[in-house]
């Protein structure tokens, strides 16, 4: 007996597959070590999302051990994987889904260079055109917050609401990224590490040359509306 | 019914295969992330070039989805891949092919260290013999220019015309490289990142020792005329 | 004829398999080059441990050429692999097993960034939450000691006894990590390099923001007791 | 009809296989890009050595296209691969074999961090025990010399004769390593990059702690005589 209508069950199955596969992008792009990092995705047409189990090795991830959660962060009992604990960051993901209805995917990593900026509580300045394209300006710092209540989720939502950037560097912690779906949030996680590494390397060698704000605006507008095989739209 | 004479169709097929395969060198050498970077190659004996589609993942690249363009940057309708948009950097590649007839291949990446020098608008000084061999001196900075007209292409051509270097670091953007064919331009993209990383590491530890100009000239001359299994010739 | 009771023989076989496989994590995580690095594991219910042979390439490691040792570091003659010399760090591993009965696994590498802090004799400050989770504070420096007697083992034991950290950076040498079993010690070796790299990168760009001690204590307590699919317990 | 006696032919075949396979260690350890880098090995019992062809991609290297040379650096006509040009560094390898009869293998790369120290003309100080083990002290700088005569070979020989180190950093150029055979020289090439990277990272974070000379001497002596499955002996 299914818990949900067939169309929702079908969406859940698709999101489970997507989320399991997208975790491979985290290892392929050297964003995580051991069991660190997590990807989640909203189930279209339902108040549900799918997330990685806690403390499970990347090579053991499969659609059937992804965990289905409600938007309050509780696990849906009786579904595949529900015997395991969800990622210890589940409350933060849930808070984002409850408070940012346009968000379809959330990613968290401790990738090296993004976390380095976070340990300095320093926003990444926008000095490369790829960063203007993807993030529309600087990548902001979120507040210091630790696990145990909604403070991480609240910090993400407060920092990114109304901001062009799909990435926030939570102070002393690491990057969280959002996207219109899980794939888009993974792309943001890959790109935030790429720009964090490049801008750190750039500044290590001498003064940075700023990009004029009008050029940043123009690049962001074009990239969000023209790039790729179909319009993406800013989040 | 073919659009071109058999010999041109055969050249197009060969260039499609080459361009699809050469993109693998960009990922293998860690020059790109996600869908970033692009390689193009001129079709010998025709006013045509082949380039990567926009926003398509590296693992989905194949000869039949490479895109055939005229030298004004427009897609040749009715050919394989033409239903897709070409790389958003197509106009810059086209400008180079129109204005540098000796160029047979163009590559663009946002590789980390080359882009770091570009964000400082700082040319890479020639302090290692491999750089003298390959580039004949410093690697120059091109002007700040953004997508939307011919300004990127013009900046590449103005900087590299009459210059020994096959690589230019476009300010705040990243490296563009040229070559007598696409493979040669890919080699330049690999080498520019290698020297950008090595010289940045060198200078981070203390003062650099310059190479005398006469030695640079001698190394460049020898490498362009003697190295490898057949003479290469400066571009 | 077996040297040990069947249950001990069965434990030995399991530990041989585990130790051979866990060495692959060292190469996969870029912690070692050539034949460097070693993992050992205590045999449950016996005064024995299993360790890698000396100077053998990673691709040649297999359960049957792992070496069975007594807690005084001598090889058990007549067992598989006993014709080879054990790792040159065997005496240090043995000293740890003799003096820290709660330790079930020991790992040693010369991983780049952990060794860099060791060459400065500088403890890694706790400025990222992942480090608070995993190590409960700073990662300490152990004394300068060279091979030839028990001084390395003694330095490890004196530094880590009563310390939250499962990793010590032996001065001018590199990291040693301990764990409740070999897998746990390997995890610590992976994580110590990850935090050594991240904190070095963070500080290279400017001043670090400290984490309040109460937050470090809270994170360490939660992680050791809640994280993952089953309680782990501080070592 | 064979050019050499059967025992020499057999040795040549073995060295061809070894040299072709050992090049894979250069790419696996990220010491080279594109066609850079070369390994050679002396043929035991003959005034011959085997070296890589010039400008050939790593994936195309096979025993039959390695090139057999005399100790004056000339190619032995009529042998496999002889239709190709040998590595452009062949003269330097030949000079070493002629002047250092105890050397059985030579390796040259432009690996990033070793080359960075070379571009500063700065010897790598011995501040980690692995470096004392392997190189017995600092890794020296060789003179600036360019291709075209015996000056590179002479610089290698003058620097390494009577020196404990099997690696020299040729100024503005990169590392050359020697060994009792080709495998041993490859190991030195892997280790010199590892220590160059580690010591650069160490010093980037603050002052280095020196190792007392007596400890360096003791470590070097032990490692050359005890480590591994059989005595190695200092070169």
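Here the chain labels run A, B, C and D in written order, and each chain numbers its own residues starting at 1.
Simple rule for what comes next: a contact is a pair of C-beta atoms (placed from the backbone, for glycine too) under 8 Å apart; a residue touches a chain by one contact, two chains touch by 3 or more.
Computed from a prediction, not measured in an experiment: that's the story for all the values here.
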| item | value |
| --- | --- |
| Chain C against chain A, contact positions shared by both copies (same if over half, else different) | different |
| Furthest chain, CA centroid comparison against chain C | B |
| Fitted rotation between chain A and its twin chain B in degrees, CA, nearest 5 | 90 |
| Distance from chain C to chain A - Cα centre to Cα centre, in angstrom | 32 |
| Centre-of-Cα separation between chain D and chain A, whole angstrom | 46 |
| Chain A residues counted as touching two or more neighbouring chains | 204 |
| Interchain contacts (touch definition) - all pairs | A-B, A-C, B-D, C-D |
| Chain D-touching residues of chain B, taken from the complex the two chains share | 29, 127-130, 187, 190-191, 194, 197-199, 201-202, 204-209, 211, 215, 218-219, 222, 226-229 |
| Chain C-touching residues of chain A, taken from the complex the two chains share | 33-36, 53-56, 84-85, 88, 110, 112-113, 115-122, 144, 146-148, 171-174, 200, 203-204 |
